[in-house]
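Read the structure below first, then the notes.
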Amino acid sequence: MKTHRALPLSVLVLASGCGGYQSALGAKGAPAIHVEHLIVGIVAVCTVIWILVMMMLVLALVRARRSVASQATGSEKPLTVAVSAAIAATVVIIAGMTIASFYTTRNIGLPDSTALTITVRGQQWWWQVFYADSPAGPGFQTANEIHIPVGRDVRLRLESPDVIHSFWVPSLAGKQDLVPGRTNSLLLRAEKPGVYRGQCAEFCGLQHSHMAILVIAETQAAFEGWAATQRLDAAGSADPDIAAGQASFMAKPCAACHTVRGTPAGGTTGPDLTHVGGRRTIAAGLLETTRGSLAAWIADPQTLKPGNNMPMVPLTSIELRNISAYMESLK
Amino acid sequence: MKDKVVIDLAHLPPHGLGTASQSWWGTLAFMLIEGTGFALAIVVYLYLMSLAPQWPLDAAPPDLVAGTTLTVFLVLSVLPNILVNRWARQQDLRKVRIGLIVMSLVGIVPLILRAFEFPAMHIKWDQNAYGSIVWVMLGLHTTHILTDLVETLVLTCLMFSRHADNPRRFGDVNDNAMYWNFVVATWLPMYACLYWVPRL
Amino acid sequence: MAEKVSSSSKAVFALAGVLFLAASGAILGWFRQPRELRLDPPLSANLDRIKLMPNGISGSPPESYFAIGKPYESDAWNLSQGKRLYAWFGCGSCHGDGRGGVGPSFLDGWWLYGPEMVSIVASIRDGRPHGMPAFRDRMTSEQIWQLAGYVQTIGSYKPKVAAPSRNDDRQTRPAENRGPAKILFDEGPAGVHPDQGPTP
Amino acid sequence: MTQDGDGLRDSSMEGSELHRRLTAIWSTPSGLWGALSTVDHKIIGRRYVTTAFVFLALGGVLSLLIRLQLAQPEARFIGPDRYNQIFTMHGTNMMFLFAVPVMQAMAIYLVPLMVGTRNIAFPRLNAFSYWVYLAGGLLLWIAFAVDTGPDVGWFAYVPLAGPEYGAGKRADIWAQMITFTEVSALAVAVEIVVTVFKQRAPGMSLDRIPLFVWSMLVTSFLVIMAMPAIMVASSSLILDRLVGTHFFNPAEGGDVLLWQHLFWFFGHPEVYIIFLPAVGMVSTIVATFTRRPVFGYLGMVMALIATGVLAFGLWVHHMFVAGLPRLGESFFTASSMAIAVPAGLQIFCWLATMWAGRPVFKTPFLFVIGFMVIFVIGGLTGVMVASVPFDTQVHDTYFVVAHFHYVLVGGAVFPLLGAVYYWFPKFTGRMMSETLGRWIFGLIFTGFNLTFFPMHILGLQGMPRRIYTYQPEMPWSGLNLFISLSAVILALGFLLFFVDAIRSARSGSLAPANPWGARTLEWATSSPPPPYNFARLPVVDRLDPLSDDIEAVPVASGLRVDRRELLTSSVVHASPEAREASPGDSIWPLWAALASTLMLIWSIFSPWAVVWGSIPLAITLIGWFWPKGVPEDEA
């Protein structure tokens, strides 16, 4: 029994110790920090309650065992008082928790205006991201990676064209579902620059497990530089391998589903690949972006991510090498 | 452990009637189940209405004639139903037989009227959510009319059989009459919902 | 107590029960739907080896297609993938919801090149005169087969059990699992073409 | 109106003669036919319990497969398609084929005995409900065996389960299995309500009803009020998928969240449908093994009723991240937290009972202690997830997986295992092993906590539910491996439990009528009870009719012995109202169940099944109700 009593405490110690880049503990964004305070508070109170109840349980069992004769004499009045007091305490504690919860809810709500609005569309099984037109330039599209300026309120408009997904980057904010036919909003705000991982939190089919998103919080200047790059069309290349890769990409089924701005490729079924080489991961966080991983992914997407909507396109090894080189060059 | 006889039950009737019988309570419990189902159907209707930009969705409000006639007929049918119920309580076999034949005929008429209600909705179930819910509500209620009609027909046959003259059979007639009242009672909010809410 | 039933009729009843269970098992076995998410490359390459008659109408699929159980006609997963491909590759821009537009309809009982899978596969893969583009370079063989299975399903007069249901879109016609060709069929002034397609 | 004074009465009959006559009239004939046509609540109840435990074992095997797959990152043991079927089957099976049926099954066996009657109300409906339940379970498992198991999660959210994304018949099989189990659960609920209302022993007024019976009464009302919602939901889903209605299609005025509202309006009370019977079991076991009545009887009853009422005001807390208005959500936070008050009251009353009693540490009581330890954690994490902001971080993560296993396994399975040890002698006439029982408790208690406690941490570390694998760079592999290994301990405990149960049923030591010195009526008759339960119906004049100072059980006489006869009594005071016939054995419930099965399975494939399939159903129902001229059919 002793170890179990220690367990609720150890949860706090353990979990806050390893607040990785996808953890509700060790929060790095204002909304998540508010919630973390609430979590720690409620867990602490509940742990104390549990310990008290367990002490009562042990005492009741031990006491009764020792004094066999005592129970016949005692009246039930003290027990009634004790039980009533315990219930009163329960009422007070849950009222306190309800109020704490209510204030936290207010703190994580969306403010009236935010610096930036990003539209995120969850798809089976990747994230489509739209940045709207702004004074700095026209809007653009990317996938599986969101860049935000640090210390600024960002509003996410969450939509889904297929099934329900849930946007969850625990280090920055609690989750919010993307519901077909509805538009939800979520406040995102990072207090520190960094890379924060999230993943879909509502079961959405075969590849629910491999539907990650990265939120990259950076300084305003870095963010604007990144946005400026994203607005550009894909650059051509003189490298013969890359040029051959581009030609293969256009000739093969790839271009039917993917867009590479500045080229004839204009498919809209799959992610926009205009700057795919500049993203940290491919296939919704499945692999780090390298030439090798790109080649592996293109060669056999159904082994790496069974059931996803990218078909296995028959390619010669040279075509595969060139297309991977082309993809990698799209920074 | 030893027994000690403290009461004798021999004087009790061999079958309870009304609230003393299990089947009365069973019927009530099933009415509660089905009543919850009807209530939920109405809630779904109102929920979908609350989401819709206009209501009914892409359709004219339903024509009133068939539905209103049916409603009036159902309300009137309660009268013979109450009489059958009373005769059954009096265990008057001859009157109960006549009453059940009347109620069987009374049970067929709403089905005919119902056939005109579906087209009066001006929408099919597969056109939009409004069509889906009105068809399901009408269908749900129709199955209840149909179920009670079959039950009434079976009871009518039973009352002409050798098993007829028995308090237990009269209890069944009572329960069936109660169920018909329930079928009528559930229709009234459905009628208001289907025919008048779109006109609000 | 219970009715008196002779032992022979008991045996009949027991046999009926066993048969019933066996039948339900067999039905379920028949509707077995394993999903092959990754077709082996050799198999998928083999799918390309269809044999066509010289006029490009009718022919036979490769042996391996039968060996894997004709999944593109009978498997719900492949058919629904085909339905998604129909939308993703813009088939609707010419063929509408299956009732045609610039391109021919699939629901009018008139298959220009016959209703067989190989003909439809060939039409999608190689294109056809008068505007049907070739998708050879835009889709993989497996996708072409999935799409062909779906197209064949739209026009089928006997709805397949595995056919897709409606989409979460605006409804324009009954979904494939309800046999739209059967519901919407319009013989038209020219009449049907028994030589070329199934009759309703 | 007592024109039939001619039946043969038990009034002046000797014990052995009475036994002979009652056995002749009440017993189930041997052989297959007897087994198929029996309406004895004890036989059906045992069948139900056994079937439910078979489903528990199957569901347990599935959970081991899940743990095998998750033991290491990016494991390739099970693919995503099969994995989705497996976790859907695990949840669906445990909720619909194990938890609810097993609780109702215990009630089918125990409630008639505890209220002192000879059979459950509507015994043929009872037989029917078992066959329908069995058919639903077979449908689901056969479908899974042929790779057509549902793969949409046990709450089958649309649009994933809807017509566009749920290809094939998998989701339909799920939805129709719901219909099977709901029909059976509703039928049993009606039987229990009427049994408790109308068949209580003379003198068992409302304030003398045993707490387990109270808990089953409240549970049955929850079933009656909650299950229609899932019937409406699953029927709408089938209609959307089969005939193209638009309930859940936002493009045509439907709504995706409508499904969630309907599902959780059922789904939350479902938790209490599983938990409240366990509360009754705990109260019973605590009373027996502390050698005193449960402290605060009235408070316990009020807490049961309050829980039942509040259960309908909580459903939105499953939808806190779906994007509903925050103000409304705060109301549901308050109501969800409020349920801690009746739950707390029950805990405190049991503690007070133990405090004032003389505990005897037998296996059933050990499971109750385990229940207290685990359920309090589950209750407290329940308070946590009731808070909207807290929930935004842990919803759909392993924290919630841990939470509901603490509530459902800790809160319901532990009391259930205790109850099996407790009532096993009554069910079978044999005792289970006390030594093995302690081992089993130790293994299950340890295994459970080691398996599920770390899941809280995994959830806070960001591990979502229902993922078939996770990537090696996530910091979850260590704990996952630990959990998978711990699951082996848990599985070992359950394996040993099944071994003990089977062994004891065949060769356990013979049990006396009342091995625990318990005070409720089921112990007033032999173990196992005779087919007629009580030779003479007991009369109740106190809350614990078998308390120690009783020398002879007061009984009633005057019932007929030439037909199945029992007593109906008034709802409040349980004063005798009539001698009532109880229907005899009949094969028709089986035919009706087969006809229903035919119609329900057929309607997965064609809407016309509802029309044509209702004809054989109507025929079987008429055959069922048509009088056969036996004494039970007449009054």
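Each chain carries a letter (A, B, C and D) given by its place in the written order, and its residues are counted from 1.
Rule of thumb we're sticking to: a contact is a pair of C-beta atoms (placed from the backbone, for glycine too) under 8 Å apart; a residue touches a chain by one contact, two chains touch by 3 or more.
If you're wondering where the values come from, they're calculated on a predicted model, not measured in any experiment.
Taking B-C and A-C together, the pair of chains sharing more C-beta contacts is A-C. Inter-chain spacing, taken between the CA centroids of chain B and chain C, is 44 Å. Put simply, the C-alpha centre of chain A and that of chain C have 39 angstrom between them.
Computed centre separation for the pair chain A/chain D is 37 angstrom, with centres defined by C-alpha atoms. Mean C-alpha position of chain A lies 52 Å from that of chain B. Residue positions of chain A touching 2 or more other chains: 180, 206, 306-307. Annotation for chain B: residues 126-128 touch two or more other chains. Along chain D, residues 79-81, 159, 240, 243-244, 246, 249-252, 255 each make contact with two or more other chains. Judged by the touch criterion defined above, the protein chains form a pattern that is neither an open path, a ring nor a star, and not fully connected either. Within the complex, the chain A residues that touch chain C are 180, 206, 251-253, 255-257, 269, 300, 302-303, 306-307, 309, 311-314. By the touch criterion stated above, chain C contacts chain B in their complex at residues 166, 171, 174.
Across the interface of their complex, chain C is touched by residues 25, 32-33, 37, 79-81, 138-139, 142-143, 146-148, 159, 162-164, 167-170, 240-244, 246, 248-252, 584-587, 590, 594, 597-598, 601, 605, 628, 630 of chain D.
Taken in their complex, chain C has these residues touching chain A: 35, 37-39, 41, 44-45, 84, 88-89, 137-140, 142-143, 168. Those residues of chain B that touch chain C in the complex are listed here as 126-128.
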